[in-house]
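Below you'll find a set of structures to go through.
Paired with chain B in one complex and with chain C in the other, chain A is shared by the two complexes that follow.
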Partner chain A sequence: MQKILRIKTNTKAVLFEEVKTEYAMLGGRGLIAKILNDEVDPKCDPTGPENKLIVCGGLLNGTMLPCTGRLSVGGKSPLTGGIKEANAGGTAGQMLGKLDIKAIIFENKPADNKWSILKIDQDKAELLPADKYVGMGNYALSAELRKDFGDKIGIVSVGVAGERGYRNSTLQVNDMEGNPVRAAARGGLGSVLGSKGIKAIVLDVTGAANVEYADKEKFVAANKKFIAAVKAHPVTGGMFPNLGTAGLVNMINGLGALPTNNFSDGRWDKAENISGEKLAEMQSTRGGKNGHRCMPGCVVCCSNVIHDEKGNYVTSSLEFETIALAGSNIGIDSLDVIAKFDRLCDDFGIDTIETGGTLGVCMEAGKMQFGDGEAALKLLQEMIEGTDFGNILGQGAEVTGKYLGVKRIPTVKGQTLAGYDPRGLKGIGVTYATSPMGGDHTAGNPLGVPTVDPYKKEGQVELSTQMQVFMATCDSLGTCMMILNAPLGEPENLGYFLEIMSGKFDGEWDPDKLFGIGVQTIALEKAFNKGAGFTAKDDKLPSFMYTEVLPSTGTVIDFTEEDMAMAIPF
Partner chain B sequence: MSQNNLITVTIRSHVPPSADVKDFQFGKPFQLGLEYNANLQALLQKLFPENIKDLGFIAVNGKLAARDRSLLEGDVIYIYSLVAGG
Partner chain C sequence: MQKILRIKTNTKAVLFEEVKTEYAMLGGRGLIAKILNDEVDPKCDPTGPENKLIVCGGLLNGTMLPCTGRLSVGGKSPLTGGIKEANAGGTAGQMLGKLDIKAIIFENKPADNKWSILKIDQDKAELLPADKYVGMGNYALSAELRKDFGDKIGIVSVGVAGERGYRNSTLQVNDMEGNPVRAAARGGLGSVLGSKGIKAIVLDVTGAANVEYADKEKFVAANKKFIAAVKAHPVTGGMFPNLGTAGLVNMINGLGALPTNNFSDGRWDKAENISGEKLAEMQSTRGGKNGHRCMPGCVVCCSNVIHDEKGNYVTSSLEFETIALAGSNIGIDSLDVIAKFDRLCDDFGIDTIETGGTLGVCMEAGKMQFGDGEAALKLLQEMIEGTDFGNILGQGAEVTGKYLGVKRIPTVKGQTLAGYDPRGLKGIGVTYATSPMGGDHTAGNPLGVPTVDPYKKEGQVELSTQMQVFMATCDSLGTCMMILNAPLGEPENLGYFLEIMSGKFDGEWDPDKLFGIGVQTIALEKAFNKGAGFTAKDDKLPSFMYTEVLPSTGTVIDFTEEDMAMAIPF
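Moving on, here comes the complex of A and B:
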């Protein structure tokens, strides 16, 4: 029987609660949206005692569907001031399922200002003193926790950035090798867990999850067919296992939407040097790996392990978004420098997208030259050391840009845009502007749909709406978008997936019922943001993008406020 | 047809061609001879007769290309599948 674990950090009480009936068909992002609407004042201070940090798996967590153990975390975001859900792969999501925990809710603030870790195993959950772990980076912390509790544990942790309340801070989840490299990165939620005095959650469980199926035979049969389709698909069976998401570099550069020199161009003549093809070539001689899986049972394996020129481990996984924001966006064409940047971010516990955007505005302000990798790593070091300027950098690109007097700040609702300039891929512009998540590509990326011209606004509102609903559904199921996005475009595969839902939950499932999960999620999120004070006027892209022509495509943003208001009308 | 009427293009495809293409390797460049004045759509139809619906963006020499674009000697063609970002 699933339960909710509530942690009252002010009294250090650890309480198991029954799951309310109305939460039964909610999971991941949808469950977070519901709990926040039920329990949190949207006007609260994100790092104050009234905000809550929720950690949970999705509706399909623990089932045999591969790539379905993503861990969702959520709360009111210190970066956007609105609702935020971020999710990550790694091992912890599946472990939460095995422990039969539907959600963990952290509330209040410790009265004694003391740090704790939450340790959960099959018999009990308890808060333990974390004094010896405070001040540790995620790598040292992970090694120490594994020494103390065994190397099979799942870990969700905050780095020093989360301890300090940086608005760009992450929660890191360990991968199958124990490295703290899978990040619930966006929105600064690490600082919300940090504000509760929690340094880490340690999950200690083995064996299989105890999952109930309405019709297990039906589930297994449909699951088998769906997996075969995923493996045969050119994206999930070809591009991602071979090149990872880094394979998108040349594609987005070809499209003319690759953020270059603080979003001043969309095509870069050095893009090949940071491409997925180049990365694969480098790794083949260094002992690194493409086709790596971040969680047990993944059949897509889009992750990678990066080694340096001496063959030593540096980081995992180097993703397209990191390469775009810490590469072309700041003029750096060395994958080795970008890999170091990624390692430092994971260890300190900060979002690579937000940090790349922050360095971009620093370069625009003349703090250093575009392309100066050494200077970029030095600024990152300032953040790590907590110098006065480092503390400003830790508040993200918008705060830093305003502090430096920069006019061109690539943010929406305070959050840096991801690796697609919306002037060259207008559908994602609608998503950035209108998603309750702020400027976040994972909220719905309408990339590669040949029937809608990426440079024109026609059809983009509808496309973005469709993708936002799709992603809110994925995030509520706890299923990796990599396994669903491309294959579900085929009606036959969608049919298998509806059978999977029916095998798990019973009843007839059609596309309306499946994607109704996403619609309901977005509606709840919009309600929260409305309560927080957001209006239609906030649904807009950075002002320079409406007037400054993107050289690679010759386009500007031409959506009106009325156009944007037509998106996600729930 | 004389040699003068042929052009050679380089192709890097992230979608396996449904036609039989000698030496095709996923995402690796290979060269192909085409009739002078062939256009992109004709090339795609030749390589992907069964799975042309899987194709997303196509870039020629690093730029998004329209399907009716004429191909020239030395063009480098990237073929991508329908894909969502990571």
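Moving on, here comes the complex of A and C:
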């Protein structure tokens, strides 16, 4: 029987609660939206006692569906001031499913200002003193926790950035090798967990049972066909296993939408040096690995493990977004520098996208030159050391840009845009502008839909709406967006997926019922943001993009406020 | 014929426009609220091109009514994120009336990033290059401008804080001696003028005509009686001319509402050392002056001029709010230190209240000890020098407090509360919480109304509402709140005032018509704030005041959200 685990950090009470009937068919992002609407004042201080930090799996977590078991975390975002869900792969999401915990709700603040870890196993959950772990980076922490609690644990942790309340701070989840490299990165939720005095959640699934199915046979049969479709798909069966998401570098550069020098161009003559193809070539000589799994049972394997020139482990995984924001966006064409950047971010516990955007505005302001990798790593060091300027950097690109008097700040609702300049991929511009999440590509990325011209505004509002619903559905199921490429536009594959839902939950499933999950999620999120003070006027892209032509595509943003108001109209 | 002067700072266009009919009976704060609703997107960036900075006089500016001619400035506040009007005495407000300018509207931003001054005289208005003035403190600037344009000019200027975009920055107006000491201080509007590239407005009234009256004889007769009433009133005729607003120190300390050590107590055993009585004693031996006029024709004369021990001019005027926030609130009991503080603030162009609140949270965080005057002045110096920490201080108490991890931050809507702890004067708590202006005593101060117990919540919502309407009316007329003590609760004196309105504007005036000005003003301000994203949930006092008993009075804030929602219900 699934339960809710509520942690009252002020009294250190750890309570198991029944799951309300109305929460039964909610999971992941949808469940977070519901709980926040039910329990949190949308006007609260994000790092104050009134905010809550929710950790949960998706509706399908723990099932045999591959690539499923992402861990969702949510709360009011210190970065955007609105609702936020961020999710990550790694081991913890599946473990939470196996432990039959529907959600963990952290509330209030410790009255004694002491730090704790939350340890959960099959029999119990308890808060343990965390004094010895405080101040540790995520790598040292992971090693220490595995020494103390065994190698098989799942870990969700905050780095020093989360302890300090940085608005760009993450929650890191360990991968199968125990490295703290899968990040619930966006929106500064690490600082919310940090504000509750929680350094880490440690999960031990020893002895845990498997999840139940309404009709296991039906599930297994459909699952088998679905896996075959995923493997046969050119993206999930081809590019991603071979090149990882880094394979997008050349594709997006070709499209002319690759953020270059603080979003001043969309095509870069050095893009080849940071491409997936270049990365694959490096891997072959250094003992790193492409085709790496971030969680058990994955059939796509888009992760990678990066080694340095001497063959020593540096980081995992170098994703397209990191390469774009910490590479082309700041003029850096060295994958080794970007890998160091990624390692430092994972260890310190900060979002690579937000940090890349922050360095971009620093360069725009002349704090350092575009392309100066050494200077970039030095600025990271300022953050890690916590100088006054480092503390400003830790508040993200918008705060830093305003601090430095920069006019071209590539943010929406305070959050740095991901690796697609919206002037060169207008559908994602609608998503950035209108998603309750702020400027976030995972909220609905219309990349590669051939029927809509990416440079024109026609059709983009509808396309973005469709993708936003699709993604809100994925994020509620706990399913990686990767495998859902297969059912997109493929009715037969979608049919398998509906069978899977029926096998797990019983009843008839049609597309309306499935995607109704996403619609409901977004509607709840919009309600929260309305309470937080957002209006239609907040649904806009950075102002410079409306007037400054993107050289690679010759386009500007031409959506009106009325256009934007027609997206996600529920 | 009155006109609107519109300055398009992007093109350096200076345009005279006719006054719209619907603006005829609007002035000061009311006119600002109307123009902002008509012309400014409430979601705009306060220091971006979409915000506007409006400078105007009140409806009665230029008339013979004494103590009238305050200068209102307004825009979207960088400090609160909502609408803001701040007003000041000094010479400029009356001059604007004499020049027949109803309002100056500064819009956009200079395309060439160059600084200008706006010079206005009887014949014309023009933007002049300000290169030589940029970087000057307000004192040096005032001296230089008077050297260049003559001794009789009126000046409205921003200090270096306003140039830098500090959220605590002021506009300073010169007094009759030419000193830049009258501040439109609250809400960071200096940074809005600074964002338009305007260093100063210089007014020369040589040759200007006097204003017109519907019935001058009626006006003069009523004015005479009204002046007599003001002079006969115990506050405006007694305490203020003798002790200035500093006379409030002992009164508020007696009440137990004097902010002490970052609002941790309301009564201070050293209050006597910073009292109005102590100040008067100092004046007698140093050649400073009480009973000073801040503008021509004032009959109250609550300003003062402060000299140091050697008899040299330091500053003018040391007001109660400055003494409370930079004195008891940070444990400093030396009027000489507070006077230096005031001088530095006026010169650099920052709000003494916000700055005192900011130092309070620094002390709470242990950055310095309460009572350490030298350390306090050093922190001011950090701001002036623009160190990274100084730049944070310049964002005000809330940003600084959060930066330092302080939990007890005495702000409402991002703005530091003035010199009355609301636990010891609950009516002002309602004003702080509900006024569209944020935590601002001038929005409606119910001090000294004997019929309502200041420690109990009963009757406070109604009292605050009445005072807020009263003040919004004063702020729209351009009349100093001081002289309006006389008509408060005195029907006969109010009658004289209604005659004055009739003498100026014709028609019959009754209290509903008069105070309808304030009601309309507040309604417009609430509409703007709603568009900016504020909801009823923003109308609350600092959370610690709901749980932490004020030792001097034994009280906490006990207003519910529903109580607050009943204030200013229009």
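Note that in this section the second predicted complex is superposed on the first by the 563 of 570 C-alpha atoms of A that agree within 3 Å, B and C clash if a C-alpha of one lies under 4 Å from a C-alpha of the other, contacts with A are read in each partner's own complex, and residues count from 1 in each chain.
Going forward, a residue touches a chain if its C-beta (ideal position, glycine included) is under 8 Å from a C-beta of that chain, and two chains touch if they have at least 3 such contacts.
Keep in mind the model is a prediction, meaning the values are calculated, not measured.
A.B. asks: Touch test for A:Thr560: chain B only (first), chain C only (second), both, or neither?
C.D. replies: A:Thr560 contacts neither chain B nor chain C.
A.B. asks: Going by the touch definition up top, name the partner, chain B or chain C, that contacts more of chain A.
C.D. replies: B
A.B. asks: In the superposed arrangement, which partner chain does A:Thr206 touch: chain B (first), chain C (second), both, or neither?
C.D. replies: Once the two structures are laid over each other on A, A:Thr206 reaches no partner at all.
A.B. asks: Look at A:Val235 in the shared chain and tell me whether it touches chain B only, chain C only, both, or neither; answer first, second, both or neither.
C.D. replies: first
A.B. asks: Examine A:Gln381 and indicate which partner it touches, taking first as chain B and second as chain C; both and neither are also allowed.
C.D. replies: Neither chain B nor chain C is touched by A:Gln381.
A.B. asks: Name the contact category of A:Cys302: first (chain B only), second (chain C only), both, or neither.
C.D. replies: It touches chain B, and chain C stays clear.
A.B. asks: Look at A:Leu243 in the shared chain and tell me whether it touches chain B only, chain C only, both, or neither; answer first, second, both or neither.
C.D. replies: Only chain B; A:Leu243 stays clear of chain C.
A.B. asks: For A:Asn391, select first, second, both or neither according to whether it touches chain B, chain C, the two together, or no partner.
C.D. replies: Second partner only, chain C.
A.B. asks: Using the superposition on A, tell me which residues of chain A are in contact with chain B and, in the other complex, with chain C.
C.D. replies: none
A.B. asks: Inside the complex, what are the residues of chain C that reach chain A?
C.D. replies: 41-43, 48, 165, 387-389, 391-392, 403, 405, 531-535, 537-538, 543
A.B. asks: Chain B touches which residues of chain A in the complex?
C.D. replies: Touching chain B: residues 234-235, 238-240, 242-245, 247-248, 250-251, 253-256, 267, 271, 276-277, 280, 302, 319-321, 418-420, 441, 445, 447-450, 454, 467, 481-482, 485-486, 489 of chain A.
A.B. asks: Within the complex, which stretch of chain B touches chain A?
C.D. replies: Result: residues 12, 14-16, 26-27, 51, 54-57, 59, 62-64, 78, 80-86 of chain B touch chain A.
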